[in-house]
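The two complexes that follow have subunit A in common; it is paired with subunit B in the first and with subunit C in the second.
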Partner chain A sequence: MSSAQIEIQLIASLVAIACAIPGTFLVLRKMAMISDAISHSILPGLVVGFFITENLNSPLLIVLAALTGVITVVLVEQIQKTGLVKEDTAIGLVFPALFSIGVILIAKNANDVHLDVDAVLLGELAFTPFDRLLISGVDIGPKSLWIIGFILLITVALLFAFFKELKLSTFDAGLAATLGFSPAVIHYGLMTVSSITTVGAFEAVGAILVVALMIAPAATAYLLTTDLKKMLLLSIIFGVFSAISGYWLAHWLDASIAGSITTMLGVLFFVVYLFAPSKGVIAVMYREKQQKIEVSLLTFLLHLKNHTEESERHVNHLNEHINWQKVRSKTVLELAQKNNMIAINNHIVSLTKKGDEFTTLAIDYIMTNEDAQIEDMKDDFFLFRG
Partner chain B sequence: MLGSFAVLRKQSLLGDAISHAALPGIAIAFLITGAKDSNTLLIGALISGLLGTFWIRGIISKTHLKSDTALGLILSLFFGFGMLLLTFIQKQPNANQAGLDKYLFGQAATLVESDVWLMVIVTALCLFVLLLFWKEFKILLFDKDYAKTIGFNTKTIDILITSFIVLAIVLGLQTVGVVLMSAMLLAPAAAARQWTNSLSVMVLLAALFGAFSGVFGTAISATQNNLSTGPVIVIVASIFVIVSFIFSPNRGLLFRQIRFIKNRRDLELHKTLSFMFHIAKTHEDISHPHAIKILNNFQGFTKGTLKKLVDKNYVVLNGNMWSLTNLGFQTAANLYNQQSKNDE
Partner chain C sequence: MSKSKIAVQVDDLTVAYNYKPVLWDIDLEIPEGVLMAIVGPNGAGKSTLIKSILGILKPIAGSVSIYGQPYEKQRDLVAYVPQKGSVDWDFPTTALDVVMMGTYGSLGWIKRPGQKEKKAALEALEKVGMLPFKNRQISQLSGGQQQRIFLARALVQDASIYFMDEPFQGVDATTEIAIINILKALRKANKTVIVVHHDLQTVPEYFDWVTFLNVKKIATGPVKDIFNDDNLTKTYGINYKVSIQK
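This part shows the complex of A and B:
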């Protein structure tokens, strides 16, 4: 690995971490789309900043762009506050308008300079090592590395300083307000941080990747845990992992680094989406199936309890009467037998003592809906756990 | 037009997501066919757009992730994947590849006649289906549970609407590009929503606004150099939205402010009247004159309100003195009992 490769991976990882932290809170606060809006609407800020300074490397550019990001958030909120449209519509209205202004500004005035829309939107990680930061003639590393490192430092410092406040206001805004933290201050603080991160990061990796790096690791982590600290940690790990593996994918395919990092994020999310232990699609489907069987079992037991005459309790009759398919009746019968709730003699099904008690309890539970009575049954059945 | 449904269904950002999600479809279609035939590319875009939409649905319904997260996730992931493919294509030795990125920002000027015909056909199809299933769409939109109870297959209708939104978006991509497509979908509908409460009028208005911003935007961009069509159209559409927000008669900000001020005036009038009433009550003769000055320490009083009271025949002015009339006294006494009558 050459030093440029290491630098690229380092930058990508730092960006991933810097994005994952505000991203987690955005996902938890249901404001994920705001990051998309910010990443688009910083364009006019950049362009205006460029006109003022005539210099693409000026820090003023970042400040102005971050400011536009915050303006976007404020605009969205103002429009939403009028009650004329919903929040998502407000977002959808604001950022294309701002973005269009940016595109038109570029097209009209900056045609001959190095500031084209593709670069803004997509970024090119591969070139970042060539843009060195020179302090009094000494090469101290790529510029983006310093920018993103600085932003990351601020983000982490803010995170540690205000972790409690952020946590509280994210999960219980009302309580936070009662305790005297201003939700508005925290909200705008978070927005400012996201905005700055977006600006700082997108110079290196492009707007789309910023969005992906903010949302995808957080969403993936959210599927795996409900603990805020674990979620932060996991999303950072996911971010860094896809940054590095994405770099190698790009290296191998000879394609855009930003694109392949996003693809890695996508693959990661897809895998977790399918296989997450309690919230993945497969787990959910399994649980739904279990619940279905258990509801059937209950119906079946109730039927047995209500009918003492033998003709009603013949195996084949049950098959017809409750109108189940053969497979389903079989599963239910087996489950019931395994739990010693029924006994089958000569194709006549009857409740055992345990089954009888269980059914009574279950009816009680359904009637009264009190948890305490079935505490001991919870281990055997999914049905009573939710 | 279809945007109306998106706005009303609170799926406004779906358009944004779909337009981004269409990119890998375009790239894959190109990779497979190796030609830049717009029809195959559109089919690719359509498929990947639909795929994205249904995955979003899946995420929302199967996991506890919220819709905004799902949207942002799919949008960025698909787009990133599309970028990967695009850059991959650029490295391939194929002369046809140039111009694929036109899909990103759109260029109405690059449209050829066959594209336009395709659009006309699809628009006609959309209209036809919209008219055919008007009732079903409407009922699904406003009362999904009711639609289900009376036996409509909500899932099919849902899929139908979504497919048409995706189709419209994919077609529009060529004109305004990925980033701005969501505005095209949203802005006319959001503007139209301000003017009416009726679905049919709204759809009609949205189509009108959309067409107008298209025509104006194209015209403006044609008069100047270096002005790409897409952004200009979006700006025009945004202006429509702003104007609608401010000036629409029922929901607009301007009229709302006016109404607000008017209400406040009315209230102050009432306040003045009741203040007078309390003074007059202490005298045996209700029309006993009082100095205007004593009203001064009361904030609701202005010359304007006094004059209005005179106009309404509640108060008689006599030099520096005022006195309540009989009518004024009656009204003031019943002010809080029958306020509605006083608003006139």
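This part shows the complex of A and C:
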């Protein structure tokens, strides 16, 4: 690997981490689309900043662009507050308006500079190593690396300082307010960090990938864990994994790095969406099938318990009586037998002691819904796992 | 309760959504140590009243004091149980963690909860009978269990005044009895408990103080004195001739 290759991967990874952190909270706050709005509407801020400083790496540029990001959020909220349109409509109204102002400004004034709409949308990760930061003539690395590194440092510091406040206000803004943690302060803090991160990542990876890096890793992590800290950590891991594997995919396909990273994010989400242990599509399907069998088993056992007369418990009679298909009856009969819950003598089915106890317990649980009684059955039966 | 202190005082409170008043000139004194129900029809402003007292909503007129001081200075004395439906129960966190959130107020900004806070949270879980579920993800709890978690979160604040917004909404009978027993124990400890309540039948059994509300305050006082057909009719607007056992 050349040093340029290492630098690109390093920048992509830092961008991924810086995006995953606010992204996790945006996903939990059901504000994923706000990141889309911010990423587009910071354009006029960038352009105006560029006109003033004539330098694409000026801190003023970042400040102005981040400010436009926050203004976007305020505008969306103000329009929504009128009650005339819903939030998604408000988002759809605000960011194209601001973005188009940026596009017009570029077209009118900046045709001859390195600020063009393509670069804004897709980024130029491949070129980032060429733009070096020189301090008294000494090359200390790509400028993008320093910018995103600095932003990441601030984001991580804020996360550690205000993790408790972020968690509380995201979960229960009402309680946060009564305890004296102003949800508005935390909300705008998060919006400011999201805006700054977007600006910082913008030049490297472009407006579209920024959104993907904020939302996809968090959405993927959400399917795998029930712990906020683990969700943050997984988001970061998924982001970095996609950044590096995406880079090599682009290398191999000789295609856009930004596009390849986004593709990897999509692939990763899809794989987890299918195979996640408890929330994944396959796991859910399997669980539903098991539950169906278990309900059948219980129905069958209950029938046996309710009928002491032998005629009701004859194998052939059971088929027509419970009104099941032969296959299903067979599955249930075998399952019950395998678990020593029934005994068959002369084609007459009867409950064993174990079967009888199990049925009583299960019915009891279903009637009272008292969890304590069923704890030990949960390992064997999906039905009772809530 | 002889000549007790005033825990919560509301003066001339008016709250409006988009200039339409939902609470109109409310004067209310809640004495210390009562277990009070706020009753009234849908849209009467019951939740709004609580939220305004707690500073979640800004009134357009009037003032609120908690033991003679504005709410901002008395946060430590107040615990709040919001409506269960006000949060996303799919949030990635456990029962214990939600209860720990009750300790955040006393910690203030930045400081993290430690062993002391964890111990308090475990005790509160024990009180509501939810200790076996401490590590359960909150979406894996039943509605009644979620409500108990919210109650534990308020208990951990060790406050003097508890505000609860419909704690009996959608809970099973066992949980309802468990909750009311805890509320009665709080009253015994001379805490003030204010509950937005829907089930008129249980008012005389559960509460000793009641406020009738329908945009305006209709009446407030001891259940045995004012919980009658007259006030019910004034509040609910229909001829309320159910004789409720007192």
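Points worth noting:
Here is the rule we use: the second predicted complex is superposed on the first by the 373 of 386 C-alpha atoms of A that agree within 3 Å, B and C clash if a C-alpha of one lies under 4 Å from a C-alpha of the other, contacts with A are read in each partner's own complex, and residues count from 1 in each chain.
In this text, contacts are C-beta pairs under 8 Å (C-beta built on N, C-alpha and C of every residue); 3 or more make two chains touch, one makes a residue touch a chain.
Just so it is clear, the structure is predicted and the values come from calculations on it, not from any experiment.
Looking at the shared chain after the overlay, A:I196 reaches neither subunit B nor subunit C.
Within the superposed three-chain model, A:K164 lies in touch with subunit C and out of touch with subunit B [touch as defined at top]. Look at A:M231: by the touch rule set out above, it reaches subunit C but stays clear of subunit B.
When the two complexes are overlaid on their common chain A, residue A:V76 makes contact with neither subunit B nor subunit C. Once the two complexes are overlaid on the shared chain, A:A177 sits against subunit C while remaining clear of subunit B. In the superposed model, A:Y222 makes contact with both subunit B and subunit C.
Legend: residue contacts after superposition of the two complexes on their common chain; A:A66 is shown touching neither subunit B nor subunit C. In the superposed model, B is the one of subunit B and subunit C that contacts more residues of subunit A.
Residues 30, 222 of subunit A lie at the contact with subunit B in one complex and at the contact with subunit C in the other. Interface residues of subunit A facing subunit C in the complex, by the touch rule stated above, are 28, 30, 83, 161-165, 167-168, 170-172, 174-175, 177-181, 222, 225-228, 230-231, 369-372, 375, 386.
Listing the residues of subunit A that touch subunit B in their complex gives 27, 30-33, 35-36, 40, 79, 82, 84-86, 88-89, 91-93, 96-97, 99-101, 103-104, 107-108, 111, 117-118, 121-122, 208-209, 211-212, 214-216, 218-219, 222-223, 250, 253-256, 258-263, 265-266, 269, 273, 276, 279-281, 284. Taken together, the subunit C residues at the contact with subunit A in this complex read 18, 51, 54-56, 72, 75, 78, 80, 82, 86-88, 91-94, 98, 101, 104-105, 107-113, 132-133, 137, 139-140, 142, 145, 153, 172, 174. By the touch rule above, subunit B contacts subunit A in their complex via residues 7, 10-13, 15-16, 20, 58-59, 62-66, 68-73, 75-88, 91, 101, 104-105, 179-180, 182-183, 185-187, 190, 193-194, 224, 226-228, 230-232, 234-235, 238, 241, 245, 251, 253.
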